[in-house]
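Heads up, the next two complexes both have subunit A, just with different partners, subunit B and then subunit C.
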Partner chain A sequence: MTEQHLPPGLIGARVRRKEDPRLLTGRAQFVDDVALPGMLEAAILRSPHAHARIVSVDVSAALELPGVFAVITGAEVAQACALPQPVIWRLIPDQRMTDLYALAHDKVRYVGQGVAAVAAADRYVAEDALGLIEVEYEQLPAACTLDEALADGAPLLYENWPDNVSCRQTVPKGDVATAFAAADVIVSETITYGRQMGTPLETRGAVVSWDPFTDRLEAWLSTQSPNLARDLLGEVLGLPVERIRVRTPDVGGGFGNKFDFYGEEVVAALLSKRSGRPVKIIEDRLESFVANAHSREQRIEVEVAAKSDGTITGMRGTVYGVLGGQLSTVGIGPCWAATVLMPGPYDIPNVEVTVVGVVTNRSPYGSYRGWGQPKANIAHERIVEKLARELGMAANDVRRKNLIAPDKFPYPSPVFYYDSGRYEECLEAAERAVVDRGWAKRQAEAAKEGRSLGIGYSFHIEISAIGPSRILNQAGLQHSGFDEESVRIDSTGGVIVRSGLSAMGQGIQTALAQVAAQTLGVPLDSVTVLTGDTETNPYTGYGTGGSRGAALGGGALLRASTRLREKVLRVAAELLEASPDDLVISDGRISVAGTGVGGRSVSMRDVGDATYRRLDGKLPLGETPTLEERDVLDPDNTAFSYGTTAVLAEVDRETGRVQVLDYLIAHDCGTVINPMIVDGQLHGGAAQAIGGALFEEIVYGPDGQPLTTTFMDYLIPTASELPAFETVHLTTTADHIPGGFKGMGEAGTIGGASAITAAIDDALRDLGVGVVQLPITPPRLLSMIEAAEAGGTATDVEEQS
Partner chain B sequence: MTSLDVTMTVNGRTVTGRVEARRTLADFLRKDCAATGVHLGCEHGVCGACTVVLDGCTARSCCTLAVQADGAEVMTVEGLADGTDLHPLQEAFWARHGLQCGFCTPGILLTMRELLADNPDPSEEEIRESLSGNICRCTGYQFIVEAVKDAAAVLRASSADRG
Partner chain C sequence: MKPAPLDYIRATSVAHAVQVLAENDGDGKVLAGGQSLVPLLAMRLSQPTVLVDLGGLGELSYIRDESGHVEIGAMVRARTVEISSLIADAVPLLPVALRHVGHVTIRNRGTVGGSTAHADPAAELPAVLRALDADVVVTGPSGSRTIGAADFFQGFLTTALAPDEIVTALRVPKSAPGTRVAVQEFARRHGDFAIVAVFAAVELGASGEIAAARIAVAGADQVPVRAAAAEELLAGQDPSPAVLRAAAAEVAGATRPFDDIHGTADYRKKITAVLARRCLEQALPTAERSSAA
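Right, the complex of A and B next:
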């Protein structure tokens, strides 16, 4: 394994973020802060029914309301668009596609699906106008749950399909049948993962201005994927992309919800074309709960074959993805990822996993940080825990027995090659930290007081640096995965980095500035990173997701900056009458090595001046004026980060309430650019994992009505529910990424639920409780405890929500 | 729709306007007073992003009507720094990575300012309790708690200097 060790410097430094002053002082610009002359505000009329035929839509009264400028219906949207809403992840060739437009026109298939939209003087008037639109519906029987959708004779969401199954695919590796036939022990489990979503605190929004004379479209989108959005706007609206400019202001959290391309962007564009005015659509929180992509909801069947010493020889699994009423931008993507990553960090020679995508009368299933991996993780970690109980072994001993050994990398999983890792060392680092923190003692002391504390572990892997464009295309992605970065030194020595990535709170502007500053040898203050404009910034494939920004953006920028540094040295060599090979750059000054303080030197400003303004006699003959480099990184492979999560939790047996007392993550993401940012990402991801494990669930009533559309009902953890987090770091660099960076933005979300469920099981080990449904809310856990105390089957309690 | 005249002080400046009775204070501050640091995260009074200081006490501007603030003194996050000197809470949040996307931050800063005015030396539990009316989806809160502790120490030291 090639280890890339960068010299100590700004890469690896805990520097304050460049983004923060504007965010701390109210000077940031989020999409709702964009105000254009003549701008209108729009609102969308949404379906109140889970499944209904649209008989008629009468907008005449709405059009007559003073202050209303334009109204558009689903039928008009379909007519105005060149293509339906796109699905970019087409992983299964014979998948049945839903091919719906930005607003519904024949049927509605979930509560909240858009039916018509109004642009008016302001949002108040637009909402008044919604109340004047008359829609006649013919209600249809709905298939609101997975079981209802799969039942014989189920109502069909798409009447030209034979059933509600959009796709099914099996991914094999090795010979599973033989492994199971020869097994000493087989354990199986069925896990139900509840419906959850990213809920960035800033809801989604768009401002679009369509010049009807030139068909030029300017859009401000709260999006993680500006280049993708621009290309998809072009496809859907039938416009050449050179006429489309997407600007991305500050993004108030993304978490995958803002990766996807939604109908609202298209509706805003069409309303703008119709009215001749810029149109803003900002969803409110109630809308967000039905119109944003939902995620996580899967039923997972998993079983493993093992030898009596704990060696896992085979794994079988089926993932049922509960897709909702239409395919989102990412289609079956997250459910497919949950399926093919189900073996996780374990060296399992024989694997057969199947994904089944099922449409239901719920909101569409799309991206949420983790993107299938929390479900893959719960599958392999729950089954490892169960196997350990079956064999009477410690769960971590079963993990150790099966973790991929360092010399087996690159390791061929059923689909991906894992690039590098020291998995067992990471597990042991977490175990040592747990000992240091005295958890076993706390557990024992609490037991004396009659309190039930448990310790749980999980091991996760995280696919990052997505990814190699051609391989992604072969897999079915209708988009690329490279990243392009540019770096320019101006006439005074200042550095401007331009990136196609979105700044959404993850600190990408700071991280890229650190990479450029260290590579060029300039102070961090002299570097400005510009993001958020497709007209002036480079193209990033995919988008700001898949834990790719720091790894691919950082890698591309490192290469570009390295070449730019060489040019700086050539110019400085001319100014200093020295050889470039003898020069060093430090803190923005270029000097002859070994001459010490007071030796000959020039500043970056001198080099800038010699390259842009006063060239004669200074810029070497043959050198082109300007100081700029760009680089495109299309990696040979993705990069796999990994980590161990350990949780100390207390279960109240009287109420079923779980309190997470302490939380630890041992983690490896290759070269760390900014440890403070990495810790922040781990904390925030862990908070979302805790929410998903214990509190958060989008619940539907039996009629398909969503019951959780406020923050009073959908429970995001507050400061009172969360513990302090401890992190421990290892560094195993990605040898195929310049700088050795691996991504880690999703890490915290992946292993949290698994470790929490293991801790709960441990706290209740006398009862033999095994948690298999998430979130494990107090009523659910209490009913498991009561069933176990009554001698029932502890794992077999649950209603379908 | 009935419109009414309102006058209030926003970050030290007197503003007047004629607003519909249903116009929220948040919309008035954001759109009529250019105080776009007031953020709307839920518009039902749970997330706390729209928190402002209304006559000395924090209030949810999404659930307050502009007409209810007639005659009031309002402070938003734009009024927190002293000229170009950041408030100790702003400095501490910056140093401690107490924010990521920053959307919740204005509301949290003003809520913590109120906490520290009432309780200059809060325990971690008291900070978490006081924070629990504000949702942050990014940070997991730990670095916010640490930032508030740091800011509290700075504020205590500066009030001791003055005292």
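Right, the complex of A and C next:
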């Protein structure tokens, strides 16, 4: 593509992703491709019970099986570790922590919790050996649902706690009581969001080699947060981090699941130490449904006080986070995010939302793309829709009435300052696009055929560029949020960018290359971006999560590249006997401005040679050799992206099936580095939102047995279930981030379910159906339709059908 | 997800396969496409001592035009049946139904014998065999026998097949010329197992009345269900909306559905009636459809 060689313009150019030829031709290297001499393969024995006391574990028969090299039990793991599995988000000071180790030793608290592990010649033998481990359990009554866990006399997951509540915190702003007392209208809703999870194509995996002689630990992890994993391995294993090297090969999808730090990493390390050999643990798909972080499951109570003109004056709510049997790495984090972001894009002066974290005998609740925000969104968007119905207003008019005005930024929400935005313009851009696409006409024509189409909107905000380290630390994060990037020009003018971010299919290598190439004035092809090794690459604070890679990595790299460009110009000025101020760089050549094509110029290669090899008479006196800069960006604030989602959907009133016919997102993430990547991120997130709204649910039986442990039962949408996606872009820069970038990696997941539920309500508006449970499966929707029809409008429906 | 230890034997003939099964006293499993069996093995839900692979048996891979019926060898792939012109002419319901089996890649591997022997009540092929009164030819140590589809499917994943017998062929009666067919399948996603699917083959009389109808349902019982009462109700009737509604209710009445995570028994029963009506509307002339919805 020609624009690849045409800076300015690389930032903002729709260039093809540098990663794709390798990924698409099977040349990528994933963690399961790592094969070391003498490597063993491990498997984990998992609890078949939701809640039980471990009476005894007998591994003797497993140890005798030929091909078995090491077996480890939960008790041995606890003994070998310096600390239990860490929780880095400690947002609520008096939260009760679960403090469990990588394998269970006293009790099991969910089906799938690890109890013992085997390292063997291969995975077949390891699984055979699991069958030889005798575990005696004393089954205990389980608390498998939120209601069971909160009931009087509920079985206690942690017997030293008074109940199953891990934490409770109220986040206030303004005076809610007065707002509700003075309200013209109050509407309330209770929303049930089902349990779901990210399902990366590549399941989690670890290869760990802990050399017993040097006490050095080398790990290959499929992780989004290599530096965090390295620090946590050090803490848990009691090992100085300089002896730990974490390498991250290509990551086949992360989706937040791989942000978290899991027990398998620790188990692989301990098995390696025991056996003296490298140990590989690859989570199989069956395991992934119990051992991978679950997410989303919340019950949300929300109510708003409003004036009769639709102005919202107050919001109250409670988020019940249905945590699992132990806290994950991110603890209450996602549920807390749902709580503090519940007012969303609306200018509500008085807010009071409470988060209640409840442990249950289910798999742990961890990270999944969106991280609480889809639930905050469904709360504020469902309640806005309901308020509109109550007042007889169009929902978008209620939105318009309450969206934060451009001149109110930075806007103080209950916790965060939203940095910038033109929310109303974004809503209107979506409304115009919907008109252009003729949805209303399609809806009317379908109605003539007896078909029920609906149009739904939602407005979302997304916290990104996480984030300011000290502020996050004050909030309780036990980690930083800055990003460090380095950029080096070699002796021939080639550019190497080193990043601590993980390449997990999102295109970060291309995005960073675009930033470096444009800033330095070199062709995109001359830039190589290296990721995936804590020993040779910079430190990234949080990890590749929180929609921060492009914004913070891009911003840090922009600053580093800018300084490097200045040095290039100084060296070139010496070579050209000109002033650096008179020079321009284009396509890798530095020339005197205004001298035209035939003017004097030098190449980046000449500058490289003058800086690394033949310095005398070329490198200005006082300049150090080499061309390298690094930068650390610890932003003053997070950055808030936002968007409007619009959905056209059809409801089959006889079966309850919903089909998404068309899907549109108007979006603003500040300066766009690569519109194709941004669109792809929006599309992928929207696909996950459709999954979450209509298909995906982790279902447990009454005894706490998970019933969805294959892709035959946990239904992710496929190409057949997805519409084409349309995107419209606005650009409002984040002025506190170099380059003006905002993150947007989670955007698509946030507002999708809200727009889909609004479209369903619209398709069934004659029945007054209001969806409050997700996912909205065909049986659930059919029973809502039947209940509404039984409520007195059955005749109308009969005529329609 | 690795299979437990097992012996693998690639059968050299039907007799060889049967002999291995007989020697293993019911602990053998037959590999005939593997689209259902291999996941069961990987999850160790099935732990046979020996796996008998029929993949090399060319003798079971044929489609033959016989008088009155078509005979399909057990190792014929679903996709082969789906695109066979002989089948399209003689048994038009079959290709329409098989299009709903998984995805093309699954149909390229899965065999008709494998699907029949596996007897998943939500599978398409067993329901078609039931609708069309097909026979299942099975071979054991003492030779071959023929079992009617009505008797072959006995329960959830349970058939009349003895542990040392294998399915060797299907005999599917030819449909009358001009038979109109339709399938209405409700699955959560394209390619999923049906929650409920209804299959219909209808012959029209000279004046447009329904001469005969064959209707079967998958996914709404432990076995594929034949809707005999609905067929009787339709025979000789003009396909009016009222008749089709009444027949659809009879189809639902013939089922004894079950609960699972994708739908309750009650839900299955309700959508069986909806799908049956839509299936009949689809099978019958267009003019009748517009007034029917």
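The definition used in the following text is that the second predicted complex is superposed on the first by the 783 of 801 C-alpha atoms of A that agree within 3 Å, B and C clash if a C-alpha of one lies under 4 Å from a C-alpha of the other, contacts with A are read in each partner's own complex, and residues count from 1 in each chain.
The working rule: contacts are C-beta pairs under 8 Å (C-beta built on N, C-alpha and C of every residue); 3 or more make two chains touch, one makes a residue touch a chain.
Since the model is a prediction, treat every value here as computed from it, not as a measurement.
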Open item on the list: With both complexes superposed on chain A, which partner does A:450 reach: first (subunit B), second (subunit C), both or neither?
Closed with: second
- [ ] Once the structures are superposed on A, label A:684 by its partner contacts, choosing first (subunit B), second (subunit C), both or neither.
- [x] first
Task: Contacts of A:712 with subunit B and subunit C, given as first, second, both or neither - done: both
- [ ] Determine, under the contact definition given at the top, whether A:657 touches first (subunit B), second (subunit C), both, or neither.
- [x] second
TODO: Applying the touch criterion given at the start, work out whether A:695 contacts subunit B, subunit C, both or neither, answering first, second, both or neither.
DONE: second
Open item on the list: Just checking: does A:390 make contact with subunit B only, subunit C only, both, or neither of them? Give me first, second, both or neither.
Closed with: neither
Open item on the list: Applying the document's definition of touch, where does A:21 land relative to subunit B and subunit C: first, second, both, or neither?
Closed with: first
- [ ] Tell me which partner A:778 touches in the superposition: subunit B (first), subunit C (second), both or neither.
- [x] second
TODO: Mind working out whether A:428 is in touch with subunit B, subunit C, both or neither, as first, second, both or neither?
DONE: neither
Task: Residues of subunit A contacting subunit B in one complex and subunit C in the other - done: 124, 284-286, 710, 712, 718, 720
Open item on the list: Under the definition above, what is the set of subunit B residues touching subunit A in their complex?
Closed with: 20, 22-23, 30-31, 35-44, 46-47, 49, 76-78, 80-81, 86, 90, 93-95, 97, 99-106, 109, 127-129, 131-145
Task: Parts of subunit A lying in touch with subunit C, wherever the complex brings them together - done: 123-124, 127-128, 131, 284-287, 450, 654-655, 657, 695, 699, 707-708, 710, 712-713, 715, 717-718, 720-721, 777-779, 782-783, 801
- [ ] Under the touch definition given earlier, write down the residues of subunit A that touch subunit B in their complex.
- [x] 16-17, 19-30, 32-33, 35, 124, 198-203, 250-253, 255, 284-286, 504-507, 676-677, 679-680, 683-684, 686-688, 710-712, 716, 718-720, 722, 724-725, 748
Task: subunit C to subunit A touching residues, read off their complex - done: 1-5, 39, 43-44, 186, 188-193, 261-264, 267, 270-271, 274, 293
